[in-house]
Each structure stands twice: as structure tokens, then as C-alpha cells.
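Structures are listed in the sections that come next.
Below, chain A partners chain B and then partners chain C, in two separate complexes.
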Partner chain A sequence: MIKEMEPAPKGSEYDFYFGPAHPGSGNFGVKLKLEGEVVVSARADPGYLHRGFEKLMEYRTPLQNAVLSDRLCILEPLNWNLIHAEAVDELMGIDIPERAKYIRVIMAELSRIQSHIIWYGVFSKGVGFDTGFKLAFGYRDYIMDLFELITGGRVYPAGYICPGGVRRDFPKDTKKKILKVLDKMNKIIKLEELENPAMNARAKGVGILKLKDAIRLGATGPVIRGSGMNTDVRKEEPYEIYDRLDFEVPIRKEGDAYARYWIGIEEMKQSINIVKQALEELPDGEVIDSSLKKPKLTTKIPEGEVYVRNEISRGEAGIYMVSNGEVSPYRTKVRGPDFLHMIPVLEYLLKGVQIADVPAVYWSLNICPADMDR
Partner chain B sequence: MDKKESEFLKKIKTKFKIDGKVQRDRRIWISITDDKLIEICKWMKENGFVHLSAISVTDWLKDGNYELTYHLWSYDDKILVTIKTRINRNKPNIESVTPIWEKNAQIHERELHELFGVNFNGNEDLVPLFLENWKGPAPFRKDFDWRDFVRDEFYDKKNEREQVYYD
Partner chain C sequence: MKLGILPKLLQNMFSKPMTVKFPHESIPIPDNYRGEHNYDIEKCISCGLCAKICPNRAIEMVDVSKEYKNKYPKKYPKIDLGKCCFCGLCEDICPKDSITLTKNVFLSTFDSSNVIKYPIPTDGNK
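On to the complex of A and B.
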């Protein structure tokens, strides 16, 4: 006869290191203290991917920094390009051409879609649904092909969105190709929406983050929206052309891993909607400001300071840039959403969960170690 | 310029007698002395600024100052207020805002303690975050030359291939 398992005896705690080179973690580690199979406490251990971008940017011109800003997050370089470019634009007082604004938004939203697809992929892997992982990375490649066509780089666009606008115009027939890819995206969304026993069993009711705690711990983006807060930087503080576009902000009240996963799917639908609207209204004209068309290495950034906020797929991203009138910015502070999601929020959510649920909670936060470590 | 920004600025100016300006829509910058920080931050939190977006330090080497900036966002008013305060860069001590923004502030302060060497009085957990076994000075200070540091620390003058760094 099988006896019911007895709880682990007192004092039998042991340490368990989740990451930083574990296939289920990304370049980031969490030190767990376990008692039996239950996590007693968790302590994030960042730094595996620290490259000191903020310091590096003080040594480079905006042109070089635009390329460097790609690397702030591997999974959505175009969005980070955009934030950096907006910070420099605002310091320089440039009003970029209309067409460039539309192209920036189209690229940022395409980037958001592919980032959410990755999220779905890694989250599927986290809950033990391997098919989702493979589907996701297969479909993501359609968008990678678009990026290659438009920017020249599949993953890193090499500063395609640069101060003053974008580096070059859309090649011929791009509009048609984007619309075709969006059709493909509708297919992956349909697959993601299928009632899936693995997701239901492993994600529902796991890693519950209440709204009060979400605010206290500094959560933003899909994480706080999954806890019931109606907030989106694109709505609250419209940059580029977001005030002219019609889209909704999906919200869930449960605050568990499943709610966040659901938000990811809904946001992809909204992004597709945004890209379609922007493509329809895309005006003709220049794509880069005339003063920066042929950038010079001696172009100086006027004195001043700005704090720019954007909504990227992971949450609120910001750049605080100070210039003292030199070629390079005097100080750049990068505020990544994952800095808070991966340290305070994750540590809080992991307390008391089963060890098997650690990857599910971990990936439900849509994490990216690169923008946390910088 | 929007009305709500100037109204808010007027409110805080008369309450605490401080300098400030409206930069553009949804952006207010105020400068204060460091002894007023906690009092003002408490008031800000009570007035809807529940989200601490970021804390940053700028090293003004020429003036001998560290400038700390606290970027606060209000979900209700939709305004971002940046509080700026200066402290001596050779003795960088300041009160911690962890009693106000709790864990959120704690992690930002922990990062700045490591990168700039700022001591936040009242923050109990300031162990290094990113750098492992770091023995040099605070790396983000303006007078820290990382090129020299890397050369002295990691390169070998006798190594034929690394000699170029010493020319």
C-alpha cells in the first residue's frame, strides 16, 4: 500500500541554482532555497549579461549609440532603437518627417508581435508544451524575413531607427509583403488560442500577483495589466502617431500566469490591427530629417536632459539622457522593465511555489535578461 | 502647454518653496536640497505618484557633485515628475526612499550603490548586483577610466599579442 508522502523534516532545506546557463532560464540565475519540493525563498542573481551599456554610451556618438541600443534587448531591438532615437530627437529638437513616424510605429509593432511570439514559445516550453515552442519559432521567422528585407539584419537592425527618422525607406512591395506576413500571424494566434490542457493545468492559478503588490513592486506592461491595472504608455503618453491610431488595451483581473499569457495573445491582435492602420495611412515623403541625412561625426547634442518613456512588449521602458553640449551624451540611464520584473516581482512570486512551477512563473513574466543587466 | 502640469507645479511650489519648471506635456522637473527629499517624496506618494519609474545618478565631476534624479509617474494625473537633488560626490550619503516605494526603490538604490558608490542610509540590502568579485572603484564614476583599468588588471605586458595595448 502506498502511504501518503510525509512533509520534509524540519531543517532539510537545500539550495538549488536555477540558471544562468540552464536551457530553461535564459542568461540569468535565481538562487532558490527549497524544502522538499516547495520554494522557501528565492534570490535573483543578475549580472551574467552585464555589459555596461550606460557607460559605453558616454564614449560614443548618437550614430554609434543607435547601433549599440539594439543590444539592449536581443528579443526586441527595434523598440530599443526607437527609445534611443526619441531621446536624441527630443534633445536636438527635431520634428521628424511624417512618413518616418509611421515607419517607426510599423516596425515597433512588428517587433512587438515577434517578441510576443517568443514569449508564447518560451512560456510553452516552461509549462512542458514543447510543440508551442517549435511553432512559435517557426512563425517568428516570417517576421525575421521582413526585418531582413527592410533593415538588412534579421535579429539586429543595426540602428535602423536612428535619430532623425529611419535609416532608409521601405523597399518595393514591402506593404504587400507585410500584409501577407500578418495573415500568417493570424494563424499562429489561432493556434495559441486553442484550448490547451497543458496551459490550463500548469498556468491557471499559478504565480498570482495582486494589483496592490504589482504596484508596490514596480511592475509595468503586461504584468500589471494581467493584475487588473488599465495602463499603457502608448495611451497615457502617446508618442509618434499612437494618438491617431485606434486600438485597445487588454486587461485581466486574475493576475496569474494564465492571465499574463492571455494578455500576450490579445496584444498581438491589437498590434496587427495597428500595423494595418498605419500601412493604410502611410504618407509619402522623406524618411529622415534633412539635417541628419548625411550624419557627421561632429554633430553635437544640445545641452539639456530628457526622460523618454515607451511601451515595449515587456512593459515600460525609459531612457534618461543628459547632454552637456558635446558629441556624446554625458549620461544615459536605461530603465528596462525587466529590472523590476526579474528581481523584486520574481522573488516575490516564487516564494511558496512548487519547483515544477518555477519555469511557468518565470516565463510568464515575459523576461529578457539583457535589458535588466544592460 | 497643458494646464494640469502648471497647476501641479504651482501646488508643489507653494507647499515646499522649491524651484521647478514644466518642460513639456506631462513632464515636470523640480530641484530640491537633499534634506527635503524624504518629506517631499512622502507627499508625492500620497498625491498619487505611486510608481517610481527610475532612480538615476549623474556624476558632475567639475562641480564635485552627484545629481540624483527620481522619476515618478502618477497613474491618475498622467504626469511624470522628476525630483533632482545634489550631494557631494566624495561623501555620497543620502536618505533611502525604501520606506516610501519599498522593494521598487530598494533595487534601484542597490544598483546605484554598486555603480556609483552612493550610500543610501536606511537601505539594508546593498550587496553587489551585477559585478562579481569587483575590487576596483565604483565603475560608473566619471574619473574611472575603464580602459586603463582593464589594461592594468587583465593584460600581460610580456605577452607578444597584448603588447599593442601598451604602445
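On to the complex of A and C.
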């Protein structure tokens, strides 16, 4: 055990930058004020990865926006595709084909598994467990292979889930291949579940977020579920086919980094379960609405406004879209889960921790700088 | 020392590695991969839809060089692979299947002029 340290002498405060161009932080910076080795205060410094998606989307057609929506979060582009497509679908009043709904859910859940694997990888790196990082990125590539087969690109699906359905049907034997990859995913889950001294020593009792504070600071998704709240948009406001699927929402009460890490593992198990169920019931038929089958430059979005929310692997994400009947939306507002996780929650959690625990707390929030800066 | 690790150790010693030796062998690329464009000028009707839908404005409609001007009098797409995001919208929108995306992913080059694909390769423009 580490002995309680003596307090640093007065006047020894200094500034310390964590990020923004550092492998331990992603493209995001935190200005820390330290006294000895203890963080006195933390100030998030966003903007390093800002690309202005909301403005860009005002000048593009829905199909071009679907391609752009990949870039909202590099680690889970398909989930962002889905939210954007749902917003446009709702404005256009399209009832998408049944097969497309199933494919959408299968792809979104595979994307969630992939994102959680990365989370495990970077969190392992944050707590000094390098093997976990390498394992995670090795196993992630099996899912990348699936994406390559189905969407035609490894990381970016290029608007695979587009307004009206999905851009391509599954190629032959995809079902078999997905089941094979899911078996491999069970393997990495088993590895993640092993008793691990690094995780026990570095993650237990670190960065405790109480439920009251989690609600006050606006946490969603795995972060608030790790603090003991039973909430999931897939259960509360089911979209696509989630109301027909049988799955559980994992919850832990501790609220520390270790609890959030376990939420990730449990959610991967549930996602595997969901993909298997959806694959079993996958119906035949069209994969895209007939009016949008051939891309058109003149398809107008009817006048109106809509707010769509989804559960992505990081929490609750939403898109608010206003259209005045033109080809491009009049305004698109993106609500990413990480904006609140990376600014108020992170600043709150970093207060009073040791400097060595900063990466552990930081990565335990399942963050994505790309989604936060947008 | 715990000996529970031993079976795992032996298993790992004799199991296949997760990676492949890249230059000598590589994982197969699926048929519908979105790689380098293949453009067929004979099928092209110069509608310009590919240039209009391109989200990155990587496609520009240009005249062909003088020696081919008589045969191909219209404007044809010039594709800048440096700007391309390989979304495949040009392939989807093309009414005559003139543009298709191929499996070629080896596009790195030392010569920056190689990244621009002209409608007809000639001496003046590759």
C-alpha cells in the first residue's frame, strides 16, 4: 500500500498540461493545477479537434451528411450514422423496410462492441496494463474485417446506415462470419474478466462519482450506470427493433473507475446477445426505401423539426434537426454524450486525485475527443 | 507462484499468431471494398452528377487534352484522390456505371501528381 504522503509546502502550486497532443490523452487537453502530486483543480481545454460539423451539415444533402456523420466519432461511426439517418427518416416520414431495421441494429451493436474493446484497451493503457491495450486492438480487428466486408471500409462505413435504410445488403455468408467473430469476442471478454492486479490496484476506489453528482453534472450511459442508475434509451424509448429484443441493462453501485470498467464488459456481453437474436430473426426483403434507392440530388427534406436520441456506447446521443423544406437541413444540433463527460464530470472527478491516477480517471469515462469537439 | 498460467502458456506457444507477415501475405480484401476508382470514358455521358454529389469536392468536370478533343468533346470527371474520402457516392449515383470503386488500396505515392486521375491518360497529363 502507498503511504499517506506529507502535504507539499505552501506556495508550491504549479500548472501541468495533460494533452492535447499526447498518446495518453487523445486530442484533448486538461490544464491541471498541482500541489506536489495532488491535483488541486482541473480545467478542460477543448477545441483542439473542432471541425464544425453542425455548420458543414447546413450545406450538404442528407446523403452527403450521412457520409459526414461518420466523422463525429471515429470509434463508433455506425452509431452516429444511425442517429443521423433516423432524424432524416422522421422528417421525411419514411417507414424503412424491416430487413434494414435489423441490419441497422446488428451494425450498431457490432460498433458498440468494437468501441467497448477500444475502451478496454485505452483504459488498460491508462492504468499501466500494456498487454490489455495490445489484446484489445488485436481483437478489434476481427470486427474491422466484418465492417470491411459489409460496408466496404474498415473504420469509416461512409454513411452505410443512410436515410431510408442501409446502402448495401449483407454479402453472402455474412451471418456465418458474424457468428464466428462473436465467438472470438467471447474470448476477449473472458480475458477481460480475469482477476488483474493492475486493474485492482489502479482502478478500485479511484474517481468515485456518486449518483447525486452524476445526475447534477449530466452524465449518461455507462458512466451513470456505473454510479447506480438504471437508465438506457434502448429500454426507455426503444428505436428500430429494440423493443422486440431481450437484453439487460448492467448496473453497478460503486461509481468508481473499476465499476465503469465492469459495465463495459457486461455491455459487450449484452451486445453479443442482441446481435445473435437479431441475426436469428433477420427477415428477407429490401434494405432501402424504394424512393431513395438511387441517390438523388434533389430529394428535399420536408419542413419541420425533430429531436432523435439514441443510446450509443458512450451514453445518450441526439440530433436536433430543423428543415425549412430545402435540400439541406436548416440547422443541425448534435448532442454528444462526451461533452458533459469530458468537461464537467472530468473536472469534478480530477479534483483531489494523484497525478498518476489522472489517466485512469480520464479513460474510465469512455471518452472520445472527436465526439466532444465536433 | 501460481501455476494456473501454464496451460495458457503452452496453448499460446503452439497457436497461430493473430497477425500476417504483410508484404509476403495479406488478409483478402472483399469484393465490394471502396478503393481506387476505375473510370470508363466510353460509358460516360458527361452528366456531372458525380461532381455534384461528391461530399469532398474531389471530382471536377474538365476538358480532355487537345489530341482527344475531337473524339471526346464534352467535359469529363477529373478525380483528386488526395481529396477523396472513398465514400462511393459517385459510384452509386452514376447512371451508366462509368465510375466504379476497385479493390486497390495501395495508393501511397511519393509523387503528388499521381494522386490526380485525369479522364484520359496522355503524355501531358498522366
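As a working rule, the second predicted complex is superposed on the first by the 368 of 374 C-alpha atoms of A that agree within 3 Å, B and C clash if a C-alpha of one lies under 4 Å from a C-alpha of the other, contacts with A are read in each partner's own complex, and residues count from 1 in each chain.
Heads up, the rule we're going with is that a residue touches a chain if its C-beta (ideal position, glycine included) is under 8 Å from a C-beta of that chain, and two chains touch if they have at least 3 such contacts.
Worth saying up front: this structure is predicted, and the values here are computed from it rather than measured.
Participant: Identify the partner contact of A:A198: answer first if only chain B is touched, second if only chain C is, both if each is, neither if none is.
Facilitator: neither
Participant: For A:G318, using the defined touch cut-off, is the partner it touches chain B, chain C, both, or neither? Pick first, second, both or neither.
Facilitator: In the superposition, A:G318 contacts chain B only.
Participant: In the superposed model, does chain B or chain C contact more residues of chain A?
Facilitator: So, of the two partners, B touches more residues of chain A.
Participant: Per the contact definition in the header, classify A:E54: touching chain B only (first), chain C only (second), both, or neither.
Facilitator: Touch partner of A:E54: chain B, not chain C.
Participant: Is A:L217 touching the first partner chain B, the second partner chain C, both, or neither of them?
Facilitator: In the superposition, A:L217 contacts chain B only.
Participant: Touching A:P295 in the superposition: chain B (first), chain C (second), both, neither?
Facilitator: second
Participant: In the overlay, answer first, second, both or neither for which of chain B and chain C A:V67 touches.
Facilitator: Second partner only, chain C.
Participant: So, A:R168: does it touch chain B (first), chain C (second), both, or neither?
Facilitator: Second partner only, chain C.
Participant: Spell out the residues on chain A that touch chain C in their complex, using ranges where they run on.
Facilitator: Its residues touching chain C are 60-61, 63-64, 67-68, 138, 141, 145, 148-149, 152-153, 156, 158-159, 167-168, 171, 294-295, 297.
Participant: Using the touch definition up top, name the residues of chain B that touch chain A in the complex.
Facilitator: It is residues 23, 26-27, 29, 50-54, 56, 58-59, 69, 71, 73, 75, 78, 80, 82, 101-104, 106-108, 111, 129-132, 139-140, 146 of chain B that touch chain A.
Participant: Taking the complex as given, what residues does chain C use to touch chain A?
Facilitator: Chain C residues touching chain A: 18-19, 27, 29-34, 49, 52-53, 55, 85-89, 92-93, 101.
Participant: Looking at the complex, which residues from chain A come into contact with chain B?
Facilitator: 46-47, 50, 52, 54-55, 215-218, 220, 229, 231, 236-237, 305-307, 309, 316, 318, 320, 322, 330-331, 333, 335, 339-340, 343-344, 348, 373
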